[in-house]
Amino acid sequence: MAKIIAGVATSHIPNIGVALDTGKAGDPQWKPVFEGYDYSKKWIADKKPDVVILVYNDHASAFSLELIPTFAIGCANEFQPAQTVWGPRPVPVVKGHPELAWHIAQSTILDEFDMTVVNRMDVDHGLTVPLSLMFGQPDDWPCKVIPLAVNVVQFPPPTGNRCYSLGKAIRKAVETFDEDLKVMIWGTGGMSHQLQGARAGLINAEFDKQFLDKLSADPEALARLSHVDYVREAGSEGIELIMWLIMRGALDTEAHEIYRFHYGVPVSNTALGHMILENPRS
Amino acid sequence: MTSYTEAFQDIPGTTVFDIHRSRLGYHLNMFCMSLLKVENRESFKANERAYLESVPMTEEQRQAVMDRDYARMISLGGNIYFLGKLSAADGVAFGDMVASMTEGLKEDYARMMSVGGRSIEGNRSKSER
Amino acid sequence: MAKIIAGVATSHIPNIGVALDTGKAGDPQWKPVFEGYDYSKKWIADKKPDVVILVYNDHASAFSLELIPTFAIGCANEFQPAQTVWGPRPVPVVKGHPELAWHIAQSTILDEFDMTVVNRMDVDHGLTVPLSLMFGQPDDWPCKVIPLAVNVVQFPPPTGNRCYSLGKAIRKAVETFDEDLKVMIWGTGGMSHQLQGARAGLINAEFDKQFLDKLSADPEALARLSHVDYVREAGSEGIELIMWLIMRGALDTEAHEIYRFHYGVPVSNTALGHMILENPRS
Amino acid sequence: MTSYTEAFQDIPGTTVFDIHRSRLGYHLNMFCMSLLKVENRESFKANERAYLESVPMTEEQRQAVMDRDYARMISLGGNIYFLGKLSAADGVAFGDMVASMTEGLKEDYARMMSVGGRSIEGNRSKSER
């Protein structure tokens, strides 16, 4: 049977991708950022997941205002890096796992989640920057990826509680998939940032630290945080943090925090946070 | 009873892209989205006004685009991820576009970010201020 | 405040549209079908709804297999009749009610329904045939319409119970909309039919009658019917009947059945059923 | 434990468009969808084989399309609403295409429908038969 062995939380700041793609990862400004993932790279090379369920949001790349799915699961064989005005990121094509993705779609719909199934979707920095942070610059990504796109651009996004519940439903789906697979789930986006208005540049390190603490030790409390609280404390784009709750919901309540990186200096406009959680006995 | 969208209005200097703003800014944002295509960027750059007039947005929105007044575009229903396609089409870094919406100078913004960003203290609530 | 005054259930058989559009409504084959809606036409002319929330499914018109939303709510100003190989139906453009539609989207998402918001969508016979049956052939449709497209083409569709619950959430949304509006909700599709395989042509009049009885008097029992039961008893395309439960969930449990039309002869390949339910004190 | 998709297999003469069939028939169905555009219909009609070879479907699926064998297309992952675009492109009525998938003659099908359709009795379950 398939099994969720671990969860990863990480910011998906676009400029991290730019720094890597333009050979600036060793620059003094960027070095400490990438070094924060040195442990994680070794850890994941050791864990060798077969599939990563990658929870992220699209930033007006694959979806515009014409159609806004709350939860969209990518069931295709592959996903191309999305076009931007600057061009697509020079990273490998993302290979999907259609059998597991469709199985998750079916299982969660029967569990009364109203998923949108997507068979054609380009993936932007929200999905590819986490892959770069965890895997560096390989010729091919070393595992299959199931994109799970969450609306956090158009308010209202799903509630934190709904995200947490979806995580639980995804876990159930994975555990009923009839093939031995090591599955990870990643929650991406955040941490505190605000990209518009007179309050742009907001960073709330104290909130972020508490968020990391609760993500690890008291996710149920986190699931009750309201949208207004996110926006007030973590900035208008800090709402992305709800996606970490999908990851957390898919893990054991008692999952172990085995690594944390909370970078003190905002990366471009955004606070960077990263955590690895392992299920016991995995 | 405070409605869902009203509750955000207590937060200073912040515009939440809610259901009302999405309707207001639909064509402005879809115009920005159109700039993802190189042929559209070229025709926009060749004649900005003509391109903007082919999109059913308001005259105020057109003017804000012409002026590259991002704070104004936000107030007219723009969403930051859509507006980012316009600034990118100008070759402007996303962070500089963001900085242009704040009250200080671009240099002040960079300095603020390099020392940990804008503080939350005093920025939580209009009523608390 | 806005209020749901009544619900309408009706089949949305495409050939009914063809018969009307080609001037055959008076032919002996079609006359009894349209006569079954004579009462309903008078009733609705009297009730004058401001808005109809029209629950239907797309039949590979607006959505293909590229993207399959479980629930998609149309928030646009208008919706064009969808292109078909034979051309679009010659019916008026469908005018939306964006304010109420967006309000329903927001309210149901906050109630943990994972809606897809659609701002551009063409509408096929699933939506326009019910309008024709209830309103005939006016130059303009006499009310605003909020399309609610439900996936019943790709299995699994939502459960019957989920549909019934969504109806309740829609009712709550309507009742918190700050404008005096008379709102109706229509559930369309069905009744028994199967359009493929050696069993094509299946009609189960007894099942359909019981479905109508329970829709009226015991909707909670209906909401427990499984997908297999629908397919077994009502045919592979009879699954469309789950959409009637969204309508029913939005009404009072004690809503009155004030009209029923269950046509004995299948119309093309499909059993035709129609019911009007009124909320008490509406 | 019977899985969700397996449970439908007890129903005789019925193919449910489930997650497995959707993957199997993806390109066949998307080919049919492409026929909604008049220019695609024309190029398909001008050279069916060439058009079909431009779509990454299986050779079996291509042959079933060439043969207009709708029962076979269903067994190869076709979905009825998509296949209806192919029959419509041929000018064939939807009901006649449906009838072609049943065992009897088209005339028998029409007669059956005019007297109330196919009975459910004996058609509920393979095991019950």
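First chain written, first letter: the chains are A, B, C and D, and each begins at residue 1.
Following the convention adopted for this analysis, contacts are C-beta pairs under 8 Å (C-beta built on N, C-alpha and C of every residue); 3 or more make two chains touch, one makes a residue touch a chain.
All of these numbers come straight from a predicted model, not from anything done at the bench.
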| item | value |
| --- | --- |
| Distance from chain C to chain B - Cα centre to Cα centre, in angstrom | 39 |
| Averaged-CA centre spacing for the pair chain C and chain A, given as whole angstrom | 37 |
| Averaged-CA centre spacing for the pair chain D and chain B, given as whole angstrom | 49 |
| Chain D, residues touching no fewer than two other chains | 4-5, 18-19, 22, 26 |
| Chain A, residues touching no fewer than two other chains | 65-66, 106, 110, 119, 154-156 |
| Category of the chain touch graph - line, ring, star, complete, other | other |
| Pairs of chains satisfying the touch condition | A-B, A-C, A-D, B-C, C-D |
| Contact set on chain D toward chain C in their complex | 4-5, 7-8, 10-19, 22, 26, 29-30, 32-33, 35-36, 41, 70-71, 74, 79-82, 84-85, 88-89, 94-95, 98-99, 101-103, 109, 112-114, 116-120, 123-125 |
| Residues on chain A engaged by chain D in the complex (per definition of touch) | 75, 98, 102-103, 105-106, 110, 119 |
| Chain B-facing residues of chain A, complex | 14-15, 59-60, 64-66, 83-86, 153-156, 192, 194-207, 227-228, 231-233, 235-237, 264-266, 268-269, 271 |
| Chain D - residues contacting chain A, complex | 4-5, 18-20, 22-23, 26 |
| Complex contact set, residues of chain C against chain A | 65-72, 106, 109-110, 112-120, 154-159, 161-162, 165 |
